[in-house]
Every structure is written in structure tokens, then in C-alpha cells.
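The data blocks that follow each hold one structure.
Here come two complexes built around subunit A, the first alongside subunit B, the second alongside subunit C.
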Partner chain A sequence: MTDRAVRRPASTARSFWGALPLLTLIIMIGPVLAGLFGTVLPAFGYLPAAGLGAFSIAPFTDLFAWNGIWAATRLSVTTGFAATFLSLAIVTLLMAGWSGTRALRWLETLLSPLLSVPHAATAFGIAFLIAPSGWIARMISPWLTGWDRPPDVLITQDPLGIALTLGLVTKEVPFLLLMALAAKGQSASTQRMRVAQSLGYGRVSGWLKSVFPVIYAQIHLPVLVVLAYSMSVVDVAMILGPTTPPPLSVQVVKWMSDPDLSKRLIASAAALWQLALVIAALGVWWIGERITARLGLAWVERGARNLRLDKTARPLGITLGTVSALSVLLGLLCLGVWSFAGFWGYPDALPQSLTPKNWARHWPDISDSLITTLLIAALSVAVAVTLVIACLEAEHRTGRSLSQKGLWLIYAPLLIPQIAFLPGVQTALLITGATSGFWPVSLMHVVFVLPYVFLSLTDPWRNWDPRIDTIARSLGTSPTRVLFTLRLPMLLRPILTAAAVGFAVSVGQYLPTLLAGGGRVATLTTEAVALSSGGDRRAIGAFGVAQTLAVIAPFAIATLLPYWMWRNRKGLHG
Partner chain B sequence: MDNGLHLKAVEIYRDGQPLLQIDAQVGPGEILTVMGPSGSGKSTLLSFLTGHLAPAFTATGQVVLDGYDVTSQPPEHRKIGILFQDDLLFPHLSVGANLAFGLRGGTKSERQKTIETALSDVGLQGFETRDPATLSGGQKARGALMRVLLSDPKALLLDEAFSGLDTDRRAQIRDLTFDHARKKHLPVVMVTHDIDDANAAGGQVIQLGA
Partner chain C sequence: MKTLLTALPLLASLGLPMAAIAETDPADWDAVTSAAKGQTVYWHAWGGSTATNDFIAWVGDRVSEDYGVTLEHVKLTDTADAVTRVLTEKQAGQDDDSAVDMIWINGANFASMKEADLLFGPFAEDLPNWQYVDVDGKTVQTDFTVPVEGYESPWAMAQVVFMYDTADMDATLPTAEAMLEWAQANPGRFTYPQPPDFLGATFLKQVLIELTDDNDVLAKPVDEADFAAVTAPLWDYLDALTPVLWRQGQAYPATGPAQLQLMADNEIDLAISFSPGEASTAIANNQLPDTVRTFVLEAGTLGNASFVAVPYNSGSKEGAMVVANFLMSPEAQLRAQDPSILGYGTVLDMAKLSEDERNAFANLDLGIATLSPAELGTVQPEPHGSWMTRITQEWTERYGAGQ
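And then the complex of A and B:
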């Protein structure tokens, strides 16, 4: 009993746990800041690796003298705003018109797996659908269109970036919808809707006036992420975007991969210009939010019931939502068909035969890049999950939880466009003489995997019943044993789900793999995107399918493993 | 020897505002009932006793158990057991493993024997490998009681421990809990809003204001 009288010095343990969130933050934000720094220097003419040591604003004058600059700038801005606005509009119409209905639940089931499919695979699928020689054209030809060869129109890679925008929308709708549905739980939406409808409001107007403001407050940051992403995306833009000139971000990559090192100066200047555009756009969006709030409040105060809105808004919402979901699904199916296609003449709706020959031919390449993909994903996910769990456990032990400001930091790597700091990372690796490759790529993946793992795991972790901890501790169990024998096993399912989310994020990364790897690390995604210019649909189809399977498999494991492990434990199957 | 649980001039503050104060001595085998409306800090008092006071709260005073000041001890060193309204059996462990979780020391066969005896003491013989989720409410409550007793606590806290049970089970589980606590000479602090619980305990009653 003597140990009871001794006051245990808990301060060293506490400072250890207190330091963990800081460490995580450094791992996550450090490369971003270093990358920005490495972008700023060459943008002002300083690049010792290329023998350039004099500061100047020449890179910027060169950039603005490039004749594609304004077209590239316009593309970035228009596709960014259009994709974000359309995605948000579709999600809002769906939620407003169909909350709590079986139709929306059905759509949710359809959309959730799509969330994890890499952007590149989705974009290829869309391209295979809507191209003049694509599946849709084949299905309505020649009986409807009279085409017996592909019409000479630019549908994908159109100069206005419409295909690019649509491709982004189909991918961002599932993301925003799932975020909004998660926010719905904390909005008391059912009660609010009951009140609104009992006051005579229509479904859509009642929802927009009473529920939307709460939901939007919760998805505000994800919406900004969509805006920043859509403005600066590279892989989707290389597949669906115009080529002369390409969107700004694609042009940066072109300059970065030029063997002439001095091209990195203009690349860095363009990267900073892209960053400035994104910051300005976020500001404009922020002002738009304020104006919308003002107008919305006036609309609420007028008290109009807007019952007729339901008649148009509901069909519109479900139609757009279904078209968006189906285009991704059909696109993926089309990838699958092409990967097994034998001879497939235009305008036949289906290939004459299906054959495994394509797979056999491309398998050596696929398996090599698959192994690299899986290794990078496994490593970055392991690091990210460990850090996130350590942070959440630190929060539990120190009683200090993440503030709203902290949440902004979590979102920072997602809000700052990859194209703005990854060139700097590559330059920094070049300067330090590090041979780019597996390890820098894995570290960069951690930066992007961490936020998603954190966002996915935080709620289940915090919702764990703290009385379990109280009971176990009062039974004489140390905090560490509580963590390993109770909390982690009980949270096995959400932890595996978070890991699967992280895995999908890692598999889908294009730019970090390309730039931090110095072009020498070949993953499924970099290989697939590299194939895009060649136009070998069978190869692209096979890589796209492999990409999709590489993200679906972890989700299957995350679902089945807890089910199997706890098959005799009903209490863990909610 | 100063046996039992002594709450010496305990005062708890929420965000700096006084929430409650209590000064009480609970002897071995005695039951102190703490009553009061919701918001009066009943459960906060128990969190303070187990060492789980939330950051918004501060406290002064001492908790002395069997003569030792445990006020600054971490929860796992206090030897103060607690039962909640819900059984909170660990859902991923079998009933037997739940009991083993709390049990201290002993060889493998001794531990098995102890758990077997404890289960049959409360009419749960042969339940070792059962999934806790398949037990009835009363069976879960008895399992939870045995789990805390096997951890050999020096005091027992009851946080509305019987509120979740239906009326006929309630008296039965309450008597069972009190019997075991008395047999082990445990000082008991019971928080409840039910006067029947207080009457059944028959000890001192402290009323906390709102």
C-alpha cells in the first residue's frame, strides 16, 4: 500500500502526449511550407542547382509574356468556380428535395464507393463515355445519328474546359454529398423540417431556409477544398482538359519536366501565380457566402412558402444526382469493357469479342506499378494512422481538444494547391542532392493521407463511451493498456475504414508521386495518366480497372475483417 | 486506523464557480447516499473520486481511503471501483474475459477458478464464453458487479447503478450489490435520484442543492 502515498510525477508523460499533436503538425505542414519556400526562391530567379543565383523578377515577366497565360488563367478560374458551384448545387438540390427518402439512401449507397475511386480512373471513364468515339456515341450510332465514323468535334479536351468541369463535378458530388450527410446528423434536420412543413413550407424551401445554413456551416471547409482542388488539378486536367493552351497547373508540370533546368524558374513563377489565383478565388467565394447569407436571410424574412419550388427542384435534383452517379459507374464499366476488348469497330456498341490478352500483355507493367502503389500506400497509411491515433489519444489524456483554428491547419494541405508547393519540394530535393524516389514520395503521401484519416477517425474516436475508460481505470488498468486492450479493438472498424480512406487517397495521388519521385516512381496512377496522350484504350482500361480495384479492396477488407473478427460479439455490430 | 473513505472538505468548482461542497466519512460496509436534482453535481463528485474530473472542473479538499490520501493519484492506483447505470461490459470480450480483465494476480488455474466461483455466486455459472450482448439486463448487471469486485477495490461508487433496471430486477440487484459490498467491508458512495435506493441503503443521506 505504500505506493499510494507517493505522488507520481505525471508531468513528463503529459508533456510527451502534449508534444504529439505538434509533431504531427510538423510532419503535415512542414513539407508544405518547405515546398512553398522552394517555389518562391526560383520564382524570383534563385536556383543554384541550375547555376542561377541572381534574384530578379524575370521569371514573372517571362510568365506574363507567354501567350497562353490568360487562357490558362481563365481556364483555372472558370473550371474551378463552375465545378464547385455545380457540385454544391446538385448536392443542395438532392438534400433539399430528397432528405430522408429511400431514393436518396439508394443514391448514397451508390455514391459512397465512388468517393474512393481515383480521380484519374473516373476521368478516363468519363472520357471513354462522352468522346466522339465514346460509348454514348456508339450506342446511338448509326441508327440515330447516322455516324459511321466518329464525328470531328472536340468533346473531351474542349477549349472551354466543359468536359473537365463535368469530370470534376461527377467526382466532387459524392464527396460533398457524403460530407453533407455526415453533417446532417448534428443539425436536428428532421425536427426542423417538421416545424417548417407544419408552418406550410414546401420541402425544398423549408429545407433551404431551416436546414441548409446549419449544414453549410459544417461543409464550408470541404467546399473550399473542392474549389482549390478544381482550380489547380493536374491529372484530371491532363485527361479531360484542353491542350493548347492547357490549364495553368498542367503547364507548370510541363515546364517542371523540361530537361532545361532554367524552365523551372518560369514553372515556379506560374505555381505562385496559381497559388495567388486560388487565394483570390477563396476570397471571392467567401464574399459570395456573405452575400448569399444576406439574400437568404431576406428571403426567409419575406416568409414566402414557395410550394411550387418542389415541382421543379425535386426532379431536377434527383436527375442531376443520378446522371452524375451513373456517368461514373458507366465510365468505370467502360474501362472494364475496354480492358477485355478484342476488335471493337466504330460504331459497334460492344466489342466483337472479349479477351484476356490485353491484361496478359500489360500485366508486367501493371504488377510492377501495383506493388509500388501498395507499398507507398501501406507505408503512408501506417504512419498517418499511427500519428492520428497518437493525437487523438493525446487529446484524451491531456483533455485539450482541437480548436477551430486547428481544424484549418488540418485542412491546410488540402486548401493549398499541390501545384503551388510540390515544385518547390522537387527543387528542394534537387538542391539537397537527395535522389528522389520511394521515401520522399511516401512522406508526401503522408501529408495528404493524414487529413483524411484524421477527418474520418475523429468522430468515432470521440464518440467512444468515456465511461469504459473510467471503469477500466478504476479496475486498476493503465491508460496505455486501456488504449491497446479496449479502445483500439472496440474501434477496429472505424480505424480500418479510416485506413481504407487513406489508402484510397494515396493510390489516387498523381502530382506528389510525379514531382517528389522525380518522375522515377511509377504507380498505377502515374502510369495511367502517362498513357493518356497515347490513347491506347485497352491499356488505359486495364490500368484504370487496376486502380479501382486497388482502392475497393481495402474497403472490402475494412468491412469484412471486423465482421469476421467480432462474429460472436453482437455488441460491436451496431 | 482510519479505515473507510473520508471526503475531507471537498469543494468542486465549474469554470471557477462553486458547484458543490461535501465533507463526509464513510466507514467500511457503510453506504453514503448522495441525492439531488440533475445539475447538482452528483456525477461530477463521483468523477472527482475516481480521478476523472473533466477539465472544466477544479476541486479542493482531499479524498482519503483507508488512511491514504489518494487525491492526486491516477485513477488506476486508487482502488476505487465504480458501477454505472449501464453495465458497460466490454463488448469485444467474453463474459469470462471481462471478469479476468479486472482480476488481479494468481496463476492461470487460480484465476479460472476465481472467475468460475464469482459467476456461480451470482447465478451465471457456465457463462464464461458467452457474448455479453446476449445476456439479459439483470445478468449483465450481475456480471458488471462481479467484474468490479474481482478487482479487489477498497471502495465502491454507484452512479445511478440501478436506474436502468425494471422494477422487480431493481431491488434484487440492489440487495445483491449491497450484500457483497458489506461482506467485503467496502465503503460505498451511491448517487441516485430514487428515494427507494436511499431507503434500502439505510445509511446517511446527503442532499445536494441545485
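And then the complex of A and C:
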């Protein structure tokens, strides 16, 4: 503390609030940078752990000499772009064709809980659904298809990564749709549409021309997150992706776990290559945005009303949206059925018998990992929510709001592929003498939970009516009292929702838990993915269902708790 | 910075006089058991099989009752993860409290850990239950031709068998060539787990042993042999087999249990297994139809032992030795061999057991799909561990990275 600060308490307070955003950034970006550092060194041959201390570019020459490198690279790029483009297209069609309709509200209700379901559980469900011996084939065989035996066709794990892409799309559509719906509130879309329609524009073309540019500007970063994530995902790719060769990110994990330690060098080189690919892809997407904007402007200026577009675009949008939602829901249902299944041979549409035996058998494991999962999630969410509220309050008190650059930093942990820095985190933890386990895992979770909590809480926080603050302060209430007695209680619902989102993010983390936990920390997600290699559908089903419940429950609490707490505060039920 | 998880046992041990600070001599069993009391053993073992996971949980209950040792099963997707972990710890100077206390291990992983001085020992032959182990009849003192020398302790015997669905196949297949002919006549109905999965790699070794005339060369390190010439018949065989595999060899099941699921789904009719009792166990657990049976090849099939090893830097070596000893006990061995539990072969010599114990083993119903010890026939020794590594690499280049 400086002399000046001691003499002038007001200034102390100000510098305290001013330092909070910096502290938050350090907590978030610190591990990412440390991890990247721990990846760069071995990528250039420096890994004393394996007795390798000479810098060289040999890891990169080895990487590009691997004969699967181009196939793996192609997979990463194509699945990334295809999944992002398809998800964005479906969301755009839905919003353009169905904004403000009951159908979209219904779909939104259906999709919002799906957002929180961990990727791994969704991927398992879809795999159980679409495999040649999956639920869909079982339901229509043999009476319709004549398949007495499952057809020998490659559906999941196809070399083009189509199953992987579709699996990602079903998860990214709810994410982008909810982001777009949130952006809609600030886009004056109703007024824009009213103007467009009174000028004779069709619903879809009017929306695309007058509303889409505003909304896209707001969901631009989330779209980039989807792109970076889809290119480098590990758990979904392990479940639905091809294996001969696997996508680049999965290959990195394979090399990381090779008994031959020198393989870590090529793994690190590949991780950096993955990072370079993601950066290049973000650049290409950025150029694509510029080109689209140019072409779109020309399209808008031509002034065509495109009324016929509605006839094709609207049914297409709602069909794709519904199929996407249903495939996740049916997949989860399929997990549930498998978790209670006795013997279930092909082509029976349902198991020969239902039995609680699977649950009884797996319950000890499930309950242990459930407790760990909940503890880690609760801790990381508590830290993240506290930091985010502190940052937002600091923004309010210092009057300095987050710049565009600051927003990029918030997104950094989501834009940098996990596989590029988490292996380095593991090495860094060991070198600093911190044993891996519960605390490092919780800290790593904060890194990924914080951005989502920030994103979901910022708008409601900023939209809080500042006049309430002015009145309270003019009545002599201190800023801290305003925060605790007015702002926080009034924002209880969005705070709980943000916490539930953070909770879901924490529950779904696979790589951070695995690598920072050194294998000692078993959560529902690490257990489920470990089981996936064994292919025991009953066990996977039980863990998938447990995972799903672990994220749905917080959302239910976030929805119901305000009703109970405000049972006699009618004005707070928005 | 100590974490909560490591700090707790540390705090607990403050109450005990000089607990676990000096290394305990494995031969002084009383000292081992008293030091083991209250220790937590993190057993890193492959977690992909529910039957194995249940067995390990039972072992945990039993050692907790008898010795006050807490056993935590760390479920791995790949044993190499644990090896990597210990290596990384050694580099970071983490020499006294590893995250790993015990590893289910054999083959190349054991060879590399032993060579890098990452293992505690020798201890195995000092354990009290070693007296029951069948050292003459079973390969428990070499592991993929590498001398064990007490650095790992055996707990199960494995032998290759082939599972086939009698609902779809009439007869067993006596040789690798016969398997190829059958696969060509029934395309898409056979596959094997994708190497480097150990079961997939085992299939490759099994075929190589079938096709080569010179088995002696396989017992020596691969560097001493003409790799291309020795393995040429294997690649010719696979070139013919791959197009008629399940999904034309464009995709493979990840592991043995994933392959079981394919059989249950009636996608394939024939599959390799490294456990003679696995099929019976899977039938009992509703994971396979009860029409599945097993067979071995005429010339015999590969066999080896599963071991547990203790890292040099484990903080609970005594606890780990207690678990390793318990795994070799007649009680644990009997349970492991029960096909409704695990169906793993025992490492014990029946002649060394008491009559009651012998009878218990003899009375065990091995299950409908399990061959008797006599029917299992000749056990072929594992090639030197380096062969597995080279063959797997070569396979990955030829078939695992796109053609």
C-alpha cells in the first residue's frame, strides 16, 4: 500500500476496484500462457524430463514426415469449418424465418436445456442413435429395411468426419441460437422488421438484410469460439471421429500418452501446429466475413424483395432445427434406455428386459465421481461468479467499461485450443512442485467457467436501471449497500442462470480435469470418456444420464429458486 | 504448495510413529503390514472393462478390512498414461509422493520402466503368497522375454482365444489361413481392435507366429533380425484380409470390449480375446448372446501374465505390496477365475495349495463358453517386447493413417 493510499482512503478504494479486472485476467490468462510456454519448449526439442535438452526443429520435421499428417490436418479444418458454417446457417434460417413465432419459442425451450448437456453425453447418444446397429436402424429393421443383420456401412468414425461434424452441429446450434436470441434484445429487431416488411420485403430476406448484420456483429466472437472448438475438440472426436488417422487433436493426446517420452516432442509440435491451424482458420473466417459483408451489401442495395425465399427457407430452417434438437433428445433417451437394459441384441427395438442391475452396479462409482464433480463445479463457479461480479461492479464504480480488446482476452481461453496449452500446464504444475489434484483442477475449471459466466451475466448487469442507483445514493446509501441490498437481489435470476451455465461448463470439462488432475481426480466426464474406450453401452448410458442430470438440476434450481425467494415480491417476477 | 488430497494423509501420518519414512524391507512382512495401515494406494489400471473395475473395487474392500489399506482405482484408457506420469514426476524431482502407487502392467511398458529405473523392487518374490505361485508351469518370471527379477508381481494369466457366434458360424477355424479364407467368404464379419491397442497388437503377433517358420528370432530384440523379411508374410496376409474386414478396414473398434459390443450387435461373428473366460463373463453380464463359444488355433495361441508394479517414488509402497500380495492369495485368485466375476486364469500352482483350496478351484464352473485347461492347448511365448512396438508402428503406417 502506498503512502498516498493510506492518507486517502477513497483512492485506496478506487485502486482496489481498479485492480480487480487485472487480477481476474491474471487468473484467467496466466495458466493459458504458462501452458503455451510448456508446449513451445518441447516442440523445439527441449524436454529435460526425457533427457532431451538440445533445441532443434526435429519434432516438426518428424511431424510432417508422419504419413497421416495431411489427413489429420484436413479433418481438423473441414470439420471445423463445416460444423461452424452449418450451425450458423441453421440458426440464421431459424431466426430469419421464425423470429417472434410460437414455433421458435417452443424450439428455444427445447434447446436451452440441451446447451448444458456435456458434449460427451450428446456424442454418445448420437452414436447410439445413428450407428448401423443403432436405435434408428433397430426401429425400422427388419420389417422395413430387410436388415436381419446391421448393414456393413461406415456411419460413425467415417474418414470424412461427417458423423463428427453432425455431432458438433447438434451441440453448437443451441449455443449459437441462445447467443443470437440474447443479441436480438439489443438489435431493435422488431422495429427493423416492421420497416422492412412495410417496404414489402419477405420475412426471410427482410430479416437477413436488416437484422442479421446487427445480430452477427454481436455473436461474432461466439461464432469464432465454435470454429476454434470444432477444429480442436478431443472428447467428441474420440467418440464420433475417424481413427485411421484420427483428427489432429486426438492424435496429440495419443502421442502425449505414448510410453516413449520422446513422443511428447512430436505431440507438442503437433499441438502448436493445431494452434497455427486455428489461428489461420480464424483469419480465413475473418476474410470470409469481409467478403460476405461486401456481397451482402450489394444484395441489399439491389433492393429485391425476395418474397419467394420464404417458401423454401422457412420450412428448411424449422426442419433442420427440429431434427437437430430431436437427435440430441432421442440420443439422451437412448442413453437412458441402455442404462436399464438387460440383453439387447440387434434388431430388437427395445431390450429383452429392463433391469436396475446396471445402476446398482455403477452407482458406487457414479456417486463418488458425482461428489467430486459437484465440489469442483461449486468451487470454480463460486470463484468465477465472485470475480465477474467484482469486475462488473468495478466497471460501474470506476466508470471504465471493458474495451473490445478486453473482450478478446476474456474469450482467449475459449479461442486457444485446449490441446495447445493443457499439456504444458501439466508440466508446469509439476515443475513448480504443485501436486496435481483437486485444487489445480478447480483452478483450471475457473479459467473455462469464467468467460461463460462473464458472457451470460454482463448484459443483464449493464441493463439494470441506473436510476435505482441514483435514487438510492441520493438517499445516502453507500455503493456497497446498493450492491448488496438492491442490485444483487434484483439480479438474482440472471446471477443464478450464469452460475448454472458455469456449472454446466465445469461438469463437461474433460481435458483440463484429466491433465491437471493427473488421473487422481475422477469426475463424471472423465469416467464416462474412459468408459467410452470400452464400449460398454450400459455403463456409458448410466454415466451419460448422471452427467445430464448433474447439469440440468442447477438450471432447474436457477429457474425455481427466484420464485420461492420472491414469493412475496410481486414486482420482481419479470 | 501441497494439495488437500496429499496433505490429508500427511496430516494423518503425523500421529503415527515414523510411519512410512524409511523404506521398509519387503522381506520383513510384519513391518510392511504395519506401515501399510492407513495408507492410500492409487492403483492405475485400465478402466475400460466393467468386470475388471468391479473386481478391483472388491479387492479394495478386502484390503481395507484386513489391512486398513485404502485402494483407489485410477481408471486409465491407456496404461502408458501412468508410465508417462511417473517419468514426468522423476524429471520434476517429485521423488517421494507419486500420483501413482501401483500399475497394472506388462510388456513394453514394464520393459521401459525397468530400464529407466522407475520401479521399486525387487519385492515380488518376498511377498508371502509368492510361495503358491506356479513358477515352473507359468511364465511369471519373464515378461515378454524381459526377466522380471521381482520388480513386478503377477496376478493373472492370459491366453489368446477366438470368440465366435455359433448362430452365424458352424465350425471353428484351425489356422490363421483358415481365418482369412473364412473372412473372404464372409466379408465384413471380422475385425480386431485398432493397434496400438494391446489386443489388436496381440492379434498381429498371433498371426505373425502362425505364419513364420522361425519362432526363435522373435524371442530376440527386433534389431537383431531382418524385420522386413520376417514380417513380410504378415503384411501380405493383412493386405488380403483388410478389404474383407468389418467396414473394409476403414474403421476399427477402439478396444476389446468395444469389439464385444459389435458382436452383441451382430455386426461381427468372430473376435479375438486375451482372456479364456471373457466370453462366459460377458454372457453372464448380458454383454454377449449365449450362442458365443471360443476356440484356439491348432498350433496353440499366445499367452502371458498380467503384473502389478510399484513406481520408485510411490509414497505408499507398503500399501501397494499388501495389495500385490492379496492379489496372489488363493481367495483373490479364486474370485478372479470365476467367470461370473472376471474369468482370468490363475497364476497359482494347484499342487502348492491346501486340499480345500484345490477343490474350490476344481469345482469352479468355468462357464459355457470357456475351454478347459486341456482344451486350451499349447501356450506360445510372447515375442520380445520390441517386436510389438515395431509391428504396431509399421501397422499404423500401413493401415492406420489413411492409404
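Methods note: the second predicted complex is superposed on the first by the 564 of 574 C-alpha atoms of A that agree within 3 Å, B and C clash if a C-alpha of one lies under 4 Å from a C-alpha of the other, contacts with A are read in each partner's own complex, and residues count from 1 in each chain.
Definition applied: a residue touches a chain if its C-beta (ideal position, glycine included) is under 8 Å from a C-beta of that chain, and two chains touch if they have at least 3 such contacts.
Since the model is a prediction, treat every value here as computed from it, not as a measurement.
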Inset, instruction - Quick one: classify A:M490 as touching subunit B (first), subunit C (second), both or neither. - result: first
Inset, instruction - For A:M256, select first, second, both or neither according to whether it touches subunit B, subunit C, the two together, or no partner. - result: second
Inset, instruction - Look at A:A522 in the shared chain and tell me whether it touches subunit B only, subunit C only, both, or neither; answer first, second, both or neither. - result: second
Inset, instruction - Check the residue A:P159 against both partner chains and state whether it touches subunit B (first), subunit C (second), both, or neither. - result: second
Legend entry - subunit A residues touched - subunit C or subunit B, whichever exceeds: C
Inset, instruction - Kindly classify A:R105 by the partners it touches after superposition: subunit B alone (first), subunit C alone (second), both, or neither? - result: neither
Inset, instruction - Scan A:G476 for contacts with subunit B and subunit C and give back first, second, both or neither. - result: first
Inset, instruction - May I ask you to decide whether A:A530 touches subunit B, subunit C, both, or neither, giving the answer as first, second, both or neither? - result: second
Legend entry - Set of subunit A residues, in rising order, touched by both subunit B and subunit C: none
Inset, instruction - Enumerate the contact residues on subunit B facing subunit A in the complex. - result: 47, 50-52, 54-55, 65-66, 68-70, 72-82, 84, 86, 88, 90-92, 101-102, 104, 131-134, 147-148, 151, 153, 157
Inset, instruction - Can you check the complex and tell me which residues of subunit A touch subunit C? - result: 48-50, 66-68, 71, 131-133, 149-150, 152-154, 156-159, 242-245, 256-261, 264, 341-346, 361-362, 364-365, 426-427, 430-440, 518-520, 522, 527, 529-539
Inset, instruction - Provide the residue numbers of subunit C that touch subunit A in the complex, in ascending order. - result: 1-6, 42, 44, 47-50, 53-54, 57, 72, 74-85, 87-94, 97, 99-100, 108-109, 112, 187-188, 194, 246-255, 257-262, 264-267, 286-287, 289, 396-397, 399-402
Legend entry - Touch list for subunit A against partner subunit B, complex: 1, 3-5, 7-8, 10, 399-400, 465-479, 485-486, 489-490, 566, 568-572
